[in-house]
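Both of the next two complexes hold chain A, though its partner changes from chain B to chain C.
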Partner chain A sequence: MKITVTEANNYSILDLEGRIDVTGSPQLENEVTRRIDAGKNRLVFDCSGVDYISSSGLRVFLFTQKVLTRSSGKLHVCCMKSEIRDIFEMTGLLGLFSVFETREEALNS
Partner chain B sequence: MKSTFKIENKIEVLADFAEAFQREVEPWNLPPALQMNLDLVLEEVLSNIIHYGFSDQQLHWIEIHAVYENGTVMLRISDDGVPFDPTEKAAPDLTQSIEDRPVGGLGIFLVRKLMDQVTYLRENDHNILILEKTISS
Partner chain C sequence: MSLHPQKSIVARILFYVLPPCVVLFLVSLSIFYVSSKRTIEEMTHRNAELITERTVLRTEQVLKSIEKITENNIWLLENGELDEADIEAFTSRIVRDNLEILGCAVAYAPDSFSDPQKAFTRYSYRHLGRITSRGLDNETYAYSLQDWYQLPATLERACWVEPYFDTGGADALISTYAVPFYRRTNGKKEFAGVFAIDVSLDWLTSIVSSVRILDTGYAALISRNGTFVTHEDKDLIMNQTIFSYAAELESLLLREIGRDMQAGNRGFATIRLQEVDWVIAYMPMPSNNWILAVVFPKAEMYAPLRRITLILVVLLVVGLGLLSFIVIRMVTHQLAPLHGFTETVHKIAGGDFDVPLPDIRTEDEMRDLHDSFARMQCDLKEYISNLQLTTSAKEKIESELRIAREIQMGMIPKIFPPFPNLNELDLFAILEPAKEVGGDLYDFFLLDESHLCVAVGDVSGKGVPASLFMAVTRTLLRSIGPRQSSPAAMVSVLNRSLSQNNESSMFVTFFLAILDLQTGQLKYTNAGHNPPVWLHAGGTPERFDTAKNIPVGLFEEHAYGEHECTLLPGDGLFFYTDGVTEAENAQKELFSDERLMQCLGSSTDPDPRKVIECVRACVDTHVAGNEQSDDLTMLSLIYYGNSHEKHLQN
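So, the complex of A and B:
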């Protein structure tokens, strides 16, 4: 998977691209941990380029949300394709995240 | 239509396997959503076997048979790891709050949710998991 990070509106936006699978998830976890360790606790996961997520990816989303909730940070998830949204819904995770249709909404909330 | 694969018990082979599987089943013309779901359940089952199935550091082979007949896809995965019956695993509590929700345990749940039938057998010191999904017309 490919991760591109942009800073805007006091958020770190992580553009996620490709497969968040058992090989890609550690990369995402490392990137998130590096950001949080550097004091960035307002993150946006832009999922417009994500076409696959497995439980290892869901685990990183959950881990990020837990850490940021504890540190009064924010995780906004945006632009999920319907098949990715279905996986979140099926696993009862959708309600645990702040999910937005567009990147603009995610940045202005 | 049938295909058979044999992979080593190493996480790093899973990406190549996923690509090979997609290539192999492409002529089956499965609905795209089902193709993605098969990809997903295979990753969940195989990564589970590789992570937890073997107590030694030896090389083990995992066999995957895929069959598509009369509108039903059947995947049969066998390994010589420690006995593990995923059908016995309790489903996670999906109503828990973010603080209480464990980060793991979703893989097997997804497999059971995405497939119509999940059967486990222990035969000749092998775990055999049979996953079936019928395409709804």
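So, the complex of A and C:
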């Protein structure tokens, strides 16, 4: 998968593209860990380019959420395609995340 | 050593060096041959001309001396008042004084002697060592009709008469030099007679015969008429003329040459006679217009050239042989270490990394090759030893993983049918990890005589971490099971245990159901797992529409709820993990819930083993050999109702 990071509105935006599967998950986890270690605790996952997410990927989302909550940071997830949203919904995890339709909404709340 | 140009360096070098050498040599040889041939031709022609000129000069000297004698004595005949005795004394004296003269004749014209009444002739000649004189005029010999008399009388000048072979006394080839003499009467010049001298031509023959050119070249003398006066072939002398000879040999060219000779020209000609090419140089003699010809076979002219050419060709062959020998020796010697390297490589390839390299003493490309080989040998040794280490480490891990797999597989029930004594239901399940060990799990066990607990779960991730988490989950479940009677309580306890100290946020999607075998009542809790499928007896399969709970292992205090429904006898349940619905083909297309439902709907046999085999076949058809990417778990059960009802049904 491909991760592009931009800074805006005091958020680090991670533009996720491709498949967050067994090989993509450690990549995302590394990127997130690097951001948090650099003192960033306000992150946005832009999922507009995500085609697939496996349970390993869900684990990284949950891990990020957990760590940021502990350090009173924020994780906003936005722009999920319907099939990705379905996976979150089916596993009952959708309610655990702050999910937004657009990037603007994610940045402004 | 093969000499095929593709197969050895030596052969290739020879292949490229020898032909240019040969071509160069042949070109030089040709130039040498052509220019030498021309030089030899010029020189031989010049030589032939010189010989001809010299021979002509030598014969001229003798002829001139004869002519001198007549000039010295003719005045006596022209001015003296001579009687018969005086004339006989005169002719005898001339014969006596000049050894080269065989005979001498004076013949007066019929009416011009001092006694006009008679024609007077007198001939003195050498015979048997004595000099004899006689008259020439008799009945059988009309002197006035002879050539020697007629020619000078008619031409009014001295001339050499055609030679003839005297068989009378001299037995020699004879030619006559005849001079007309005149008398003055009343200041008027009148023909008086002919003064003739017979000369042997032996001296001339010996001069001409002594001429030699090349090996078999010779000279020939031809009279004005074309008669052969001297020639190598004695049969031709006086018997043939050049024209009769040309006719005999049917050579037009020879006849042309003969005509050119008669015309008094000098010349040079090449002619083919009797299968041999001859060169002829000819030149007229000024005194008598006879022709001297020098003749030699053309081939002889080139004999020395042929000899030298032969020597050169032999030298070429020897030289090329020597060159080839040196090239072969030198290249073979220079490349000798290569054979050593080849052997070394074979040994290294065979596993002997310590084989010594060939000893190179020169500081050239071979040294570079040697150093490269040494480096390669060293690197290879190190690489192989590293490889051996990693391989053994890998093998160790693999063997450990194999054992781990056996342990993991040992943790889930795998004996089917699991409850042979239980008539109320039948059950079948499979679990196929994508790697050696996996994070899926299923389990089922009886809580009491009439309650069956069934669970299916999927740990996030795969491999060793997932498998450890799966083992923990399964162990906890078995320890919790007997102490709790509701699914929600069991899942909550499980969640609490797993959430504690779960730093890595590993979680398990989990579906747990408890089936009352007597009534068919099913209580269940879904913790974020794929909803199972209700296989209605004789109806369309239906997915459980369960309320969403989060997976277990995330939040310690999460309260899980539960639901319930009632299975009718003959109803079945199909549990699975996302390994089924997310099985991918090469085009990255998922098997999907839709295909699963379609597959289950098409399955006619409700037997759990058959249901699973059917889904398995559908999945296999879909992925079409693509590598399995996720753990794959299926559990299917069928509820027959309590034993009494089942019996009634049957």
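To be clear about the criterion, the second predicted complex is superposed on the first by the 109 of 109 C-alpha atoms of A that agree within 3 Å, B and C clash if a C-alpha of one lies under 4 Å from a C-alpha of the other, contacts with A are read in each partner's own complex, and residues count from 1 in each chain.
In this section, a residue touches a chain if its C-beta (ideal position, glycine included) is under 8 Å from a C-beta of that chain, and two chains touch if they have at least 3 such contacts.
Predicted model only: the values in this text are computed from it and were never measured.
Do chain B and chain C fit side by side on chain A in the superposed arrangement, or is it a clash?
Partners clash after overlay.
Using the touch definition from the top, say if A:89 reaches chain B (first), chain C (second), both or neither.
In the superposition, A:89 contacts chain C only.
Which partner does A:69 contact after superposing on A: first (chain B), second (chain C), both, neither?
Only chain B is touched by A:69; chain C is not.
Give one of first, second, both or neither to describe whether A:23 is in contact with chain B, with chain C, with both, or with none.
In the superposed model, A:23 contacts chain B only, not chain C.
Could you tell me which stretches of chain A are touched by chain B in one complex and by chain C in the other?
21-22, 54-56, 58-59, 62-63, 66, 90-92, 96
What residues of chain B sit close enough to touch chain A in their complex?
Against chain A, chain B makes touches at 11-12, 14-15, 18, 33, 36, 39-40, 43-44, 47, 92, 94-95, 97-99, 101, 103-104, 106-107, 109-110, 113-114.
Please output the residues of chain A touching chain B within their complex, sorted ascending.
21-23, 51-52, 54-56, 58-59, 62-63, 65-66, 69, 83, 87, 90-92, 96
In the complex, go through chain A and note every residue touching chain C.
21-22, 25, 54-56, 58-60, 62-63, 66, 89-96
Any idea which chain C residues touch chain A in the complex?
Residues of chain C touching chain A: 458-462, 504-507, 509, 526-531, 548-551, 554, 578, 582, 629-630.
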